[in-house]
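The next part holds the structures, each set out as structure tokens.
Two complexes, one shared chain (chain A), two partners (chain B, chain C).
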Partner chain A sequence: MTALDVLLAGALPVLAWRALATDDLHEAVVFFIALGLVAALAWARLDAPDIALVEAAVGAGVTGSLFVTTLRARGLRPPASPAPRRARIALAVLTIASALGIGAALAALPAEPPGLGELVRASLPETGVQHTVTAVLLNVRGYDTLLEMAVLVAAVLAVLARAPSPSARPAARPAAPDDDPARPLIAVLARLLVPGIILVAGYLLWRGAFAPGGAFQAAAVLAGGGILAILAGRRAPDPHARAVRRGLVFGPGAFVLIAAVPLIAGRHVLEYPEGWAKVLIVAVEVALTFSIALTLVLFFPASGEKGT
Partner chain B sequence: MSLLDLASAALLLAGAAFFLAGTVGLLRFPDVYARLHALTKADNLGLGFTVAGLALEVGDVAVALKLGITWALVLVSSSISCQLVARTAMNAGVRPWRRP
Partner chain C sequence: MTPLLYASSGVAVFAIALYRIFTAGDVLRKIIAANLLGGGVFLILVAIARRPAAGIDPVPHALVLTGIVVSVSATACALALARRLEGTTLDDGDDGDDGSDDTEVAGRGP
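Presenting the complex of A and B:
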């Protein structure tokens, strides 16, 4: 344990507390983003670069910018009266109880956990990829990832339900009003960064086969680029456009298809045919990256529309 | 300790000094514009020295180049976010501090 670890471990609860305790929502959001970045560093120190990447991109980046946009669009004020005392006490008891429970479970673990790590490493050659996390996510436990995609699809359905339907929308406003003095600056930033962001996303996607990286990380980075482009004045994708809807279905659809085809041959769901595992996993990851990025970008204008 | 180590240590110390100066400025300067000035100028330079110091030690050109790219990206984003914060403050009617 180094001084850095002590600093990280100490900073996490302090940042979390400040994010919750402040009365100023803007301040809370800033602390939340800082918390995400420090948590990403902590994951990196714990040798979990996959989680660190997701935490930095989704936890701090995409979620943080969603919070900021929501605040800017709606100017939310914190509730005038705090939650009732009884509710707060109940929450505190629940939180402390679950923290104690997790702590007790951790303490009860054997020093050398008999986890499935060895098993995964031993069967890595059969999975078609060389990185254990990707092997688990898309081969050994592909079912879990499939269900995660279902969660994302459900979330994007909520966005679609909330987006004004084409007929109810007021006559198209003149493209992005240019009264925002920040826009030219953000446009410069987008021009400088978006090409690099696309490159990094492609790299993360390809790397997933043999090192930390993969569809979710690549998609989060790609979505960050998309959000930057929207902030710079690019038109946000219209959730009712046919092409956008097809793009949303593309990833999960391809995954379901590849998962279901073995059934025809009398095999199990998600059983990749001998020798095809790598090709199919990369195909699924490419399709998923595209759809997840589009999903994340669609969350953005839904909360950023002004005056709706 | 080789000459390279000495140069690296000197650069890292210079970087730390600039970070310290920037942080003191952030805490002590009177208004948002002055604080931005302290923070972005000093930290960008401090990060530059730190990156140069580390690049001397890694002994791998590819890693040293990656460190350089990191610095360039931070330069771009911090200079633009500095401008964004300052413009927002200006639009909100925050007057620059004057000696009373």
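Presenting the complex of A and C:
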């Protein structure tokens, strides 16, 4: 335990409190993004580089930009009336009690738990990849990842149900371009950064087979690049275009297909044939990266629907 | 010792978010609180994953990765619902626009 750990672990609750206690929602969102970035450092300190990458790109980046665009679109609102004093005191007591309960449960855990790490490492040669987190995500617990893709598809359908059609609103852009003084700067920045971002995403995708990285990390970085490009004035993907819709289901569809084909041979769902595991995992990852990135980008422009 | 430190930090974030999700009057702040609630749980999970002497447990790492992506999906969905809620309950001049959008989208449906 170093001073850095104490600083990071101490900063997280302070940032959470500042994000949630302030009356100014803009301030709340800035503290939320700051918390995401500090959390990414905490993940790195906890030897979880995979999570650090996704947290920085998705937790702070994509989620933060969703909040910023929503705030921008809704404008200033009078602060909502707080809960009555008696209810607040009762809730504070209940919350502290539950926090103490969780703390006691954590303290009661065995000091040297076996964990599932040994099991995963023992079966790593059979999974086709050399990185344990990728092995868990796409082989050992591939079923969870498959269902996660279903969640993503359901969420993007719900968000798009609220998106205006392009003919009703031709300028489907996140912000009014003319009154934004930072616009030329963002355009230059995007031109410099987006090629690098695409390169980094490709590298992360390939690296995922044997080191921290993989489909989610690559897709998160790629989506960040896509959102930057939209902010710089590039046209957002049109959810009504056939190509975009096919792109959204391409990844989940490919995954379902690869998961279901073994059934024909009388094997189990998601069973990779002997010797084919790596090829199939990389194929699924490429397809997933593309669809996850597109899904995350499509979450975004819909947020600005009222700001145009 | 370090895992315990981060786990306590996670519990604190969780408690603050839990308190605010109930007391905040504003729907946007409730959504931020829900996000932080998840963040606290992730912190506890990853801190626990670092404890085994034999090495890091990759299963909670995979769970948290999945969790972060699911939480951004839930946030996007909640924000879309929040905009809908505010668009229909608050008379700020956008109502007419939104109504025409909706019929337009419905009309274009397959």
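The definition used in the following text is that the second predicted complex is superposed on the first by the 267 of 308 C-alpha atoms of A that agree within 3 Å, B and C clash if a C-alpha of one lies under 4 Å from a C-alpha of the other, contacts with A are read in each partner's own complex, and residues count from 1 in each chain.
In this text, contacts are C-beta pairs under 8 Å (C-beta built on N, C-alpha and C of every residue); 3 or more make two chains touch, one makes a residue touch a chain.
Just so it is clear, the model here is predicted, and its values are computed rather than measured.
Peer 1: Taking the superposition as given, does A:Val188 touch the first partner, chain B, the second, chain C, both, or neither?
Peer 2: first
Peer 1: After lining up the shared chain so the two structures overlap, which partner does A:Val286 touch, if you call chain B first and chain C second: first, second, both or neither?
Peer 2: In the superposition, A:Val286 contacts neither chain B nor chain C.
Peer 1: Answer with first, second, both or neither: which of chain B and chain C does A:Val256 touch in the superposed model?
Peer 2: In the superposed model, A:Val256 contacts neither chain B nor chain C.
Peer 1: In the superposed arrangement, which partner chain does A:Ala44 touch: chain B (first), chain C (second), both, or neither?
Peer 2: So A:Ala44 meets neither chain B nor chain C here.
Peer 1: Identify the partner contact of A:Ile198: answer first if only chain B is touched, second if only chain C is, both if each is, neither if none is.
Peer 2: In the superposition, A:Ile198 touches no partner, neither chain B nor chain C.
Peer 1: Specify the partner with more touching residues on chain A, choosing between chain B and chain C.
Peer 2: Touched residues of chain A are more numerous for C.
Peer 1: Does chain B (first) or chain C (second) touch A:Val68, or do both, or does neither?
Peer 2: In the superposition, A:Val68 contacts neither chain B nor chain C.
Peer 1: Take the contacts of chain A with chain B and those with chain C, and give the residues found in both.
Peer 2: none
Peer 1: Note which residues of chain B are touching chain A in the complex, please.
Peer 2: 73, 76-77, 80, 83-84, 87-88, 91
Peer 1: Chain A touches which residues of chain C in the complex?
Peer 2: Touching chain A: residues 1-20, 22-26, 28-29, 31-33, 35-36, 39-40, 42-44, 46-59, 61-66, 68-77, 79-84, 86-87, 92, 94, 97-98, 100-101, 104-105, 108 of chain C.
Peer 1: Using the touch rule from the top, collect the residues of chain A that touch chain B in their complex.
Peer 2: By the definition above, chain A touches chain B via 181-182, 185-186, 188-189, 192-193, 196.
Peer 1: Applying the document's contact rule, which stretches of chain A touch chain C when the two form their complex?
Peer 2: 1, 5-6, 8-10, 12-13, 16-17, 19-21, 25, 28-29, 32, 35-36, 39, 42-43, 45-48, 50-51, 54-55, 58-59, 62-63, 66-67, 70-71, 73-75, 77, 79-83, 87-88, 91-92, 95-96, 98-99, 102-103, 106, 109, 111-118, 120-121, 132-133, 135-137, 140-141, 144-145, 148, 151-152, 154-156, 158-159, 161-165, 167-169, 216, 240, 292, 295-296, 299, 302-303, 305-306
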